[in-house]
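As written, the chains take the letters A, B, C and D, and residue 1 is the first residue of each chain.
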Amino acid sequence: MSRIKEAILLIHCKDKPGIIAAVTEYILNHGGNILDLDQHTDSVKQKFYMRVSWDLEKFDIPQEEMDTHFKQEIASSFKMSWSLHFSGKRQKLAIFVSKQQHCLFDILARWQTKEWDVDIPVIISNHEDAGETAEKFGIEFYHFPITKEIKKDQEAKQILLLKEKGIDIIVLARYMQILSHGFIDVFRNQVINIHHSFLPAFPGARPYHSAYERGVKIIGATSHYVTEDLDEGPIIEQDIVHVTHRDDIESLVRKGRDLETLVLSRAVWKHIRRKTLVTDNRTIIFN
Amino acid sequence: MSRIKEAILLIHCKDKPGIIAAVTEYILNHGGNILDLDQHTDSVKQKFYMRVSWDLEKFDIPQEEMDTHFKQEIASSFKMSWSLHFSGKRQKLAIFVSKQQHCLFDILARWQTKEWDVDIPVIISNHEDAGETAEKFGIEFYHFPITKEIKKDQEAKQILLLKEKGIDIIVLARYMQILSHGFIDVFRNQVINIHHSFLPAFPGARPYHSAYERGVKIIGATSHYVTEDLDEGPIIEQDIVHVTHRDDIESLVRKGRDLETLVLSRAVWKHIRRKTLVTDNRTIIFN
Amino acid sequence: MSRIKEAILLIHCKDKPGIIAAVTEYILNHGGNILDLDQHTDSVKQKFYMRVSWDLEKFDIPQEEMDTHFKQEIASSFKMSWSLHFSGKRQKLAIFVSKQQHCLFDILARWQTKEWDVDIPVIISNHEDAGETAEKFGIEFYHFPITKEIKKDQEAKQILLLKEKGIDIIVLARYMQILSHGFIDVFRNQVINIHHSFLPAFPGARPYHSAYERGVKIIGATSHYVTEDLDEGPIIEQDIVHVTHRDDIESLVRKGRDLETLVLSRAVWKHIRRKTLVTDNRTIIFN
Amino acid sequence: MSRIKEAILLIHCKDKPGIIAAVTEYILNHGGNILDLDQHTDSVKQKFYMRVSWDLEKFDIPQEEMDTHFKQEIASSFKMSWSLHFSGKRQKLAIFVSKQQHCLFDILARWQTKEWDVDIPVIISNHEDAGETAEKFGIEFYHFPITKEIKKDQEAKQILLLKEKGIDIIVLARYMQILSHGFIDVFRNQVINIHHSFLPAFPGARPYHSAYERGVKIIGATSHYVTEDLDEGPIIEQDIVHVTHRDDIESLVRKGRDLETLVLSRAVWKHIRRKTLVTDNRTIIFN
């Protein structure tokens, strides 16, 4: 990650002439030097999307005033939806996991080796299995058993905990529980899940068994933001591996694990870097 | 393709001890030198699969007697399903196509450049568009318009034509018609189709539109043997390409075309080389 | 390709504040609506790269005056290198080929099926083999035998022919001759070659033999602009296929052919769409 | 991994008729049921390769006598090179690492989650950095500083330690030291390295810098057995990722890390499963 202090602005709105000029003018006039700009116009949906980042060194608007200022000067007139981020702040990540820990270990390794410049204040699970791993890495572990009866209350406690810890991103690292609409609503576009299949394909809990029975030659994995529609959230990242008739279910599961791990981490990384923008249940992934 | 005259034997049956020994003994005792053997045991389904090829030079059983002889000596006692092929014989391939010709051109190029050592006696279409291309390459072209009323009769005529031409393989190179059960039954495991999506996924006629709406990050293509269940036949080959939000439908279609072309040709090539074996609606693809 | 008439501007220069604002302002003030903008700043080399396209419908500067006008208004002050293109004009493509025709057939198919909206006035070869194919597709074929003695003269004639035909792009579709510096100089960044290996790797004429001997598990292909340094030109596109010990040289060559075909066509397509920019012997490939 | 106790036999020798029959007969006659057989004949080099595994339950030759017995009955007459393995025995793995720990963490995670059914008695490093990680996972850590002067002695101590621990496989998980011929000789075909590039390509210590300067569109990684010729050992596994001009060196390194991790683990896994056979500085990778 670049060491200079930078501002990142994500914008989407109805397409009309002059948006880029207006925004770049604005940054220029206030002493900002643009580091990267990536823009996309969806000519079918007549929508405009942009990610622009600039050097804050000589920028003359204080961070705390940026939002109001940008709204008055630019955003309002173009009826923009936008979000503003500053590279200084380390993001806080919470990991939800059940019994399988391959994704968990991968994320912890990226954090431990400082590949990911984030804080991980808490690991949450509906089982006790991952507790030992959390301890290994010196991270607080919370065990929230889930049953139909207590689910609502447990989620309420989880939300409190996550708020108290100031969590920015929730990673479902093979968390085999469905989050209620209430929970999702609180953390809109902040919860990232890994689905062990490509989507759409083989809905249900045992995709590798289906894949084996169907005799497919590729298996996939999909990482997406969690929405009310299970496994229907905006897709951030997908990839596949090739398989053959020689791959029994155990082998499919093994290859699938590596794929899930990689696809989830790529997706989280893009989110951390503010490269993702959600619109109409689709994602724009900036360069 | 190796120039030596070789026999190829495809076997599947219930697994039991001694199959490999029996078959390899048999070949050895009759003067055959094994060129390649690929075997697979499905421990879940307790099934045995094998492809073995051997040099015919010193082999002392005449080709025309092989079937009966192998049945008596080996196949019966193991209750084998098997098929026997000889490298000498050039296979005869028929191409079915509608309006889109990208797969057609690709196959014709492989034939023309002698990459594929096959004969292509006939191209069949429900439209006239491909006629000019067929003429370019000096291949007979037959136009069979299809409507609900005449479909049965047209297919009857097609079957006659294909039989008369001694066709071994029928390639549906983007043929946008569903073949009736009657037709499929006549050419069981000889009809190869390309489906412009991975399977299972986005059923229906416009997968790229669905892919666009869903915002997927990969699109796929699947080549399979045609069975009574539309798009549910045994999968021979699958592959994907990565796409982004920048790919509009036109771009998805374009990338999809290249993928369809490649996946279909890979599948047909494997069939030609007798590398495919169908069982329980799945394929075994030998090395 | 979008049907609206659009202008495409490719820019690179030393990075400094205000470039994007200046260019987008300029387009806006003259009635142009930006369709797509892709920008990249190389912070290591302190260089700025941009591709911007806009709708010409309401644009108030005549095409023939654009160059001078843009130079005066914008380019000079930023010391830009730039090129300007208009979507209306169909590009003229010349194909150079030797004996192997797989890339040739692929390109002709894309042209014939109208996937590529270009003209192909001429096919040039140092052998007569491809003449028949050229005739099939109704394209003029020129046979220029090459020997050390006559090479210079033959290239002179080729240049005359290409100029006379108004050729924009020269595709070396497996053309097994090294072009002289003189020739390359005339068509700087207009000659695209396919190298049957990844670069750097296995220099020399028989990479698949080297790959076999070395027992590699992947083979690659590289498409690049031709420069004075053989096989060292700016890379446009690369890809690979996985191989195993079972792939003998014949099989490697066969898999390599498909790869060469695909990689070359992808590269040419990007060039046609004005997505490529060459700088410091590297390419910027815009979205 | 299958739970049944199985024997695995790896064979290579000059090709001649009757090898498969002889070996499968032998297994059959002694009560073994073949679980998997994969054979390959290199018709160019006239060499025969085979991996065969069988169920030991009813097999009537004691494990300790197998070697001698098989030699007398079969191996001698065919002048075979062969190795025999039994699924019961857990293999012992030693990890060599320098400062970068991404491959180390990945391997430890696979061991901890029991994906890999191996023992890891020791982690060895020329730096102290990885000591803390080793402690986390409760594995003995040995710090062997390396300088030109003491290298020979340090390696001697390492060999003693590895022998004492009964190590079967040495994984160089980004170990930035060149092992001397003496060391390699002791652990022939037991030392697996990950090279952060495809081979052959960009020799030297900073391949990602070269890749950036050259503007490549793919970067690769190669896992191979370590031989006297640095980076020239038999290749076990290779793969690539696509990159663009937007990937600066930091980004190339980051993508390269994921690739190295995956490619190394795939290679080690194949070795553990006895799927690899080395011959003429190439590997045969069985199914």
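To be clear about the criterion, a residue touches a chain if its C-beta (ideal position, glycine included) is under 8 Å from a C-beta of that chain, and two chains touch if they have at least 3 such contacts.
If you're wondering where the values come from, they're calculated on a predicted model, not measured in any experiment.
Asker: In contact with chain A and with chain D at once: which chains are those? Just list them.
Answerer: Shared contacts of chain A and chain D: B, C.
Asker: What is the chain whose Cα centroid lies farthest from the Cα centroid of chain D?
Answerer: In terms of C-alpha centroids, the chain at the greatest distance from chain D is C.
Asker: Comparing B-C against C-D, which pair counts more contacting C-beta pairs?
Answerer: Looking at C-D and B-C side by side, C-D shows more C-beta contacts.
Asker: Quick check on chain A against chain B: do more than half of the interface residue numbers occur in both copies, making it same, or fewer, making it different?
Answerer: Over half shared, hence same.
Asker: From the mean C-alpha coordinate of chain B to that of chain C, what's the distance rounded to whole Å?
Answerer: 36
Asker: Centre to centre, by mean C-alpha position, how many angstrom separate chain C and chain D?
Answerer: About 42 Å separates the centre of chain C from that of chain D.
Asker: Touching two or more other chains, which residues of chain B qualify?
Answerer: Touching at least two other chains: 40, 43, 242, 244, 246, 287.
Asker: For chain C, which residues count as touching chain A in their complex?
Answerer: It is residues 2, 17-18, 20-21, 24-25, 27-28, 32-41, 43, 242, 287 of chain C that touch chain A.
Asker: Spell out the residues on chain C that touch chain B in their complex, using ranges where they run on.
Answerer: Touch list, chain C to chain B: 1, 100-102, 105-106, 108-109, 112-113, 115, 133, 136-137, 244, 246, 250, 254, 257-258, 262, 265, 287.
Asker: Quick one: in the complex, what on chain B touches chain A?
Answerer: That would be residues 40, 42-44, 49, 198-202, 213-218, 220, 234-240, 242, 244-246, 248-249, 281-285 of chain B.
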